[in-house]
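Several structures are given next for inspection.
Below, chain A partners chain B and then partners chain C, in two separate complexes.
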Partner chain A sequence: MSLAAEAFVSQMAAAEPWPENATLYQPLREDQILLSDCASSLAVQAYLRMCGLPVRVCCRANAEYMSPSGKVPFIHVGNQVVSELGPIVQFTKAKGHSLSDGLDDVQRAEMKAYMELVNNMLLTAELYIQWCDDTTSSEITRPRYSSPYSWPLNHILAYQKQWEVRRKMNAIGWAGKTLEQVYEDVSQCCQALSQRLGTQPYFFNKQPTELDALVFGHLFTILTTRLTSDELSEKIKSYSNLLSFCRRIEQTYFEEQDRDGQSGTSQLSKGPSLI
Partner chain B sequence: MGTVHARSMDPLPMHGRDLGVNPDDLEVVEAEQETKKEILENKDVVVQHVNIEGLGRTKEDYLGYEISDVFNAKNLIDVMKKSHEARQKLLRLGIFKEVEVLIDISEGDDALPNGLDVTFEVTELKRVTGSYNTMVGNNEGSMVLGIKLPNMFGRGEKLTFQFSYGTKETSYGLSFFKPQPGYYERNFTLNLYKVTGQFPWSSLKETDRGVSTELSFPLWMTDHTLKWEGVWRELGCLARSASFAVREESGHTLKSALSHAMVLDTRNSAILPRKGALLRINQELAGYTGGDASFLKEDFELQLNRPFLWGSVLSASLWGGMIFPVGGRPTSIADRFYLGGPTSVRGFGMYSIGPQNEGDYLGGEAYWASGLHLYTPLPFRSTRGGLADLFRTHFFLNAGNLCNLDYGEGPHAHLQKLAECIRWSYGAGIILRLGNIARLELNYCIPMGVQSGDRICDGVQFGAGIRFL
Partner chain C sequence: MAAPLQLYCWRGDHGLPSVDADCLTVLAYAKFAGAPLKVHKITNPWRSPTGILPALKTREEGSFSQPSKIIIQLRKQKYNADYDLSAKECADTLAFVSLLEEKLLPALIYTHWVDAKNYVDVTRRWYAENIPFPLNFLLPNRIHGRQLERLRLVRGDPTLEPGEQLEKELYHDALECMTLLSQRLGSQKFFFGDSPSSLDAYVFGHLAPLLKIKLPNGKLQQHLNSLDNLRQFCTNILVLYFPSESREAPAKKVSNHADGGDFDNEPHKRRNQILSVLFAVGAMLGYAFLSGIITIKHTPARLEEPHVDEEEEEED
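So, the complex of A and B:
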């Protein structure tokens, strides 16, 4: 299909309302999904719940390869397939659902800057700890990543992925960092987020935005995931307003919505709870 | 008595049957020999020595099996005939560029009055040869660069490396071949390969990296191949617009399969046969030796040819196959059967029959297809032989069906499903034979029994193929 035709199709799709059978695909929750993928998936789920868009979560061992961008999660809505938070936000906006419409230009720029900060710091730190820390990669990451495959494919794919991530770390200059430096980066990022949040319920006061969904996805996942050491989650726990921010979103958008049994959102999919 | 040069006989092509010896040539050789039998007198002789000259790295013991029969010759005609056969056998080994036979009376102290010496003058192939050629497969072309190390260790071993750059795929392969000494047809092959393929009818892209070992041997009139293959398959979507059913199949799988193939081929030519039959049966068991894919696959091909009126040939063929998933795991899109195209069920698009999702064909678990052809030589041709012999006109009738099977329903329901909604087509066209491995067809087709979702090609259809219905 040509580019113009593709654009036309997505325009047409944008006009259609959000269907009941929208599905979000992510790797297997129990045995396979990694910290970084889990965080991205939870961010998208939180965002869609904030928009009030129902989505069913479906776990597939090959979710990464099904995704058009090679990254999880992705959503299948009607006959459209969209992956990652940024494009999904654009996609929902085209369908008339947006969280950041109330913001002015300065706020919007600020939101984008903080989202970049989270992606560049938290996400990269998660990837670093997963794949570049030898203990974590050999004890947790590689066994989990390769769990759906049989020998010898499991080793080939895990090492291939590790090599790919390490190459990316090299390119962005993270390869020379020590684990301590990475923890320090995470701590600084959390400090910046904590200062911006202050005593507000959400980053831009009363209404949640995609930034809130993204921060929640990452912090909540780090807090509830057991790694080889607790140091990463300890860094976050020292910021009490971030903890209560996570708790607030969990209660508002996951527990309450599930209790209400709203259509389509009844499948709780974020895993363990904070309490 | 003087020297007889066996060179006077027709030089034989250097390759085996599968590489394109035209069997018509062989018939001519036999006829020539019979005329010689009348001219030469039948005198009793004894073959005293058989020498092979020009050997470099080839081990002599490896050739002993091929030439030993020459000693059994009792008269001159026999010596010539057996030397010729030995020469043929030597050439078939694929390690010599040239083989000449020299028959002379024995000389020296122990020479008998009726003793003969037979000398094979051979020229070995170079240690390393390179090749460059173009290939035509099922609707695609490619350029192939190859490096070959024939007769690597002196006993017929062959190492081949191929790199192919094609319109649809790029691939490479390394293969090691070892025949049993004295029994060339019994051989062992080890392959390492990477193959990339694009299948636009399914919006599917497949990259295979694999290892396979193969054992081939003849048994009575049939050729058998036993094979184990371990292949890492990576499936992906060809475009963003690929259907979700194809997207769901994306990712990595490992297939480990044991397979057996049997071929019985009595046809006089592989591409435009006048007479004879072909029966090919394939069976594959995957999953038993590990891997993610587990199924049992059965597939057969039958073709019968017989001469008809005024030089025309009547040909009938039948294909069929089934794949049974084992252990509750569904079959992969890469293992299922596809049908349709200019060399199978004509009048339909390439592999564009049967189950589909948003225009992407997903293949079926069972299929059958049949064809009835009447081949005739081109009208108004001037002489026998020449360019016109590469062409035929044909009239055809094709039919076939492809579907998925629900395994709860039982065999009777399956048969009924395959008998429903049969796709068929008829038409006429021109065929061009390309060497002895492929053919081009230009047909006018009228598809019938079209089901919703099938892609048809109503009218002129052009295609090339190595396997045809």
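So, the complex of A and C:
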């Protein structure tokens, strides 16, 4: 989202309360959504639930093309459309809902830094495994990504996307990495997160922040998604505090809230559970 | 003791040990860790063992070019600046390096390589003057193209054009990143207390060029200058770990100012004038010769064999 639009949106946003009919759009859950998109979408859902803002999840095959930035997920609130976690956090902040107000300057700097760590390493690793590992891309990624389209569009779009991701990996110096090195990076990232979390319930003690939502979204998705090999989820499983962290957020924000509210929307909102 | 490691990096200028962020990071880390490197400061990336700069050449394991890999190599050789850090501080290092790469680096690339005025006036000029002929005509444009491409891919927007909109977004992130770093640093000397670590090397590598290289379009510099502790942090490292460079700085600055003035390249100008006159004369003569206004005739040959004329006509 552009800055001018952002400023405008936040002005508009401040005036209106959060509506009941807010909607989050993502690709089709069963057949289409990919690991990385699913993780980002779950992070946004977790964040909104932590804020106590109700949102209805809506799956659309063309969600990627509906989004203003070309990335999923995006939310439709009142007459505004905002995509990706960072802008959504700013948007809710303008409406007076924020999770990081209680932090001091140093903590806020650390929170932002760890969020970038997740984006820089976990998200990039997910993209790498999806699109650059030949087995995963031919068996899972390309068929899923192109499932809504018919021949020959399905091949064209899938290869176009793969080409784009590979060029990006090239530009950021990941193209030369082997799958082993990528797993090693994921492991390093998880170790850092695990160290930072320590024995606390959330990253900044008692209160969850957007960092918790982001980490939960990625780790939970990796843990509950089946890929061609289990190695990625095995890396996370060796950190017991991260596992119980995921379990804790799932229980507090997904299961309990669902029990309180109507169960209809909840089943749609999150995939398999973690037990 | 094994043969010393050899490090290839861009030459320094503007009071910096090197003009390139990655090279500065590696140099600073090596100083912090006390690694005895044999440093080659060159201006021709083709002479580096990997084709890009910086590059670390080790005897056993070949050459490396990414700063993170170079640092890992140095660590393997027991030159570790992060030895005293706790596990949590190591985690923080990883996080803040990611923050730098995601938020600050794109804006730095933009300000040095894409912003038209900065690129033409400062970056391209420095590289064109320092890279040896004939690469100096080729490389700056190639690096420019590659960096723009990189920005496009990182932003995920293939139609991205350099302009106010892009600049605003990138600078917004970068200013926020610098503010966060400044808050994290607080009143400490280094990021983790009194001794420098790899995070300090990364931050120094990224911020020092911004502080020292004067750019015509200097929004990032203005912001950095307003953050006293970060500015002090970079100056401190320069003075403590690169004393020879910071001493050279004033002298160089004077010459730079002279360069920036109007009677700029007075010696170069004269040379250029002579060269261009020679070139023009050459071109005119060449044209005259080719179109037959002037012909060179080998008189002795002509006297003997008349068929030489035919050959000349064919050449025409």
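Here is the rule we go by: the second predicted complex is superposed on the first by the 258 of 275 C-alpha atoms of A that agree within 3 Å, B and C clash if a C-alpha of one lies under 4 Å from a C-alpha of the other, contacts with A are read in each partner's own complex, and residues count from 1 in each chain.
Everything that follows uses one rule, which is that a contact is a pair of C-beta atoms (placed from the backbone, for glycine too) under 8 Å apart; a residue touches a chain by one contact, two chains touch by 3 or more.
Just so we're clear, the structure is a prediction, and the values are computed from it rather than from any experiment.
**Student:** Following superposition onto chain A, is the placement of chain B relative to chain C best described as a clash or a fit?
**Tutor:** The answer is fit.
**Student:** Quick check for you: in the superposed arrangement, does A:189 touch first (chain B), second (chain C), both or neither?
**Tutor:** Once the two structures are laid over each other on A, A:189 reaches chain C alone.
**Student:** Scan A:76 for contacts with chain B and chain C and give back first, second, both or neither.
**Tutor:** So A:76 only meets chain B here.
**Student:** Of the partners chain B and chain C, which touch A:150 in the superposed model: first, second, both, neither?
**Tutor:** First partner only.
**Student:** Of the partners chain B and chain C, which touch A:94 in the superposed model: first, second, both, neither?
**Tutor:** Neither partner.
**Student:** Between chain B and chain C, whom does A:167 touch in the aligned arrangement: first, second, both, or neither?
**Tutor:** second
**Student:** Could you let me know whether more residues of chain A are touched by chain B or by chain C?
**Tutor:** Counted on chain A, the partner with more touching residues turns out to be C.
**Student:** Applying the touch criterion given at the start, work out whether A:66 contacts chain B, chain C, both or neither, answering first, second, both or neither.
**Tutor:** First partner only, chain B.
**Student:** Determine how wide the angle is at the CA centre of chain A between the CA centres of chain C and chain B, giving a multiple of 10 degrees.
**Tutor:** It is 80 degrees after superposition, to the nearest 10.
**Student:** By how many Å are the closest C-alpha atoms of chain B and chain C apart after the superposition?
**Tutor:** In the combined three-chain model, chain B comes within 14 Å of chain C at the C-alpha level.
**Student:** Common interface residues of chain A with chain B and chain C?
**Tutor:** In chain A, no position sits in both the chain B and chain C interfaces.
**Student:** Please give the residue numbers of chain A that touch chain B in the complex, ascending.
**Tutor:** Where chain A meets chain B, its residues are 1, 6, 9, 60-62, 64-66, 68, 76, 79, 81, 149-151, 153, 156-157.
**Student:** For the complex, give me every residue of chain A touching chain C.
**Tutor:** Answer in residue numbers: 2-3, 69-71, 105-106, 108-110, 112-114, 116-117, 119-121, 164, 167-168, 170-173, 188-189, 191-193, 195-196, 198.
**Student:** For chain B, which residues count as touching chain A in their complex?
**Tutor:** Against chain A, chain B makes touches at 232, 235-237, 239-241, 244, 247-248, 250-252, 254, 290-292, 358.
**Student:** Would you mind writing out the residues of chain C in touch with chain A in their complex?
**Tutor:** 66, 87-88, 90-92, 94-96, 98-99, 101-103, 149-150, 153-154, 156-158, 165, 168-169, 172, 176, 180-181, 183-184, 186
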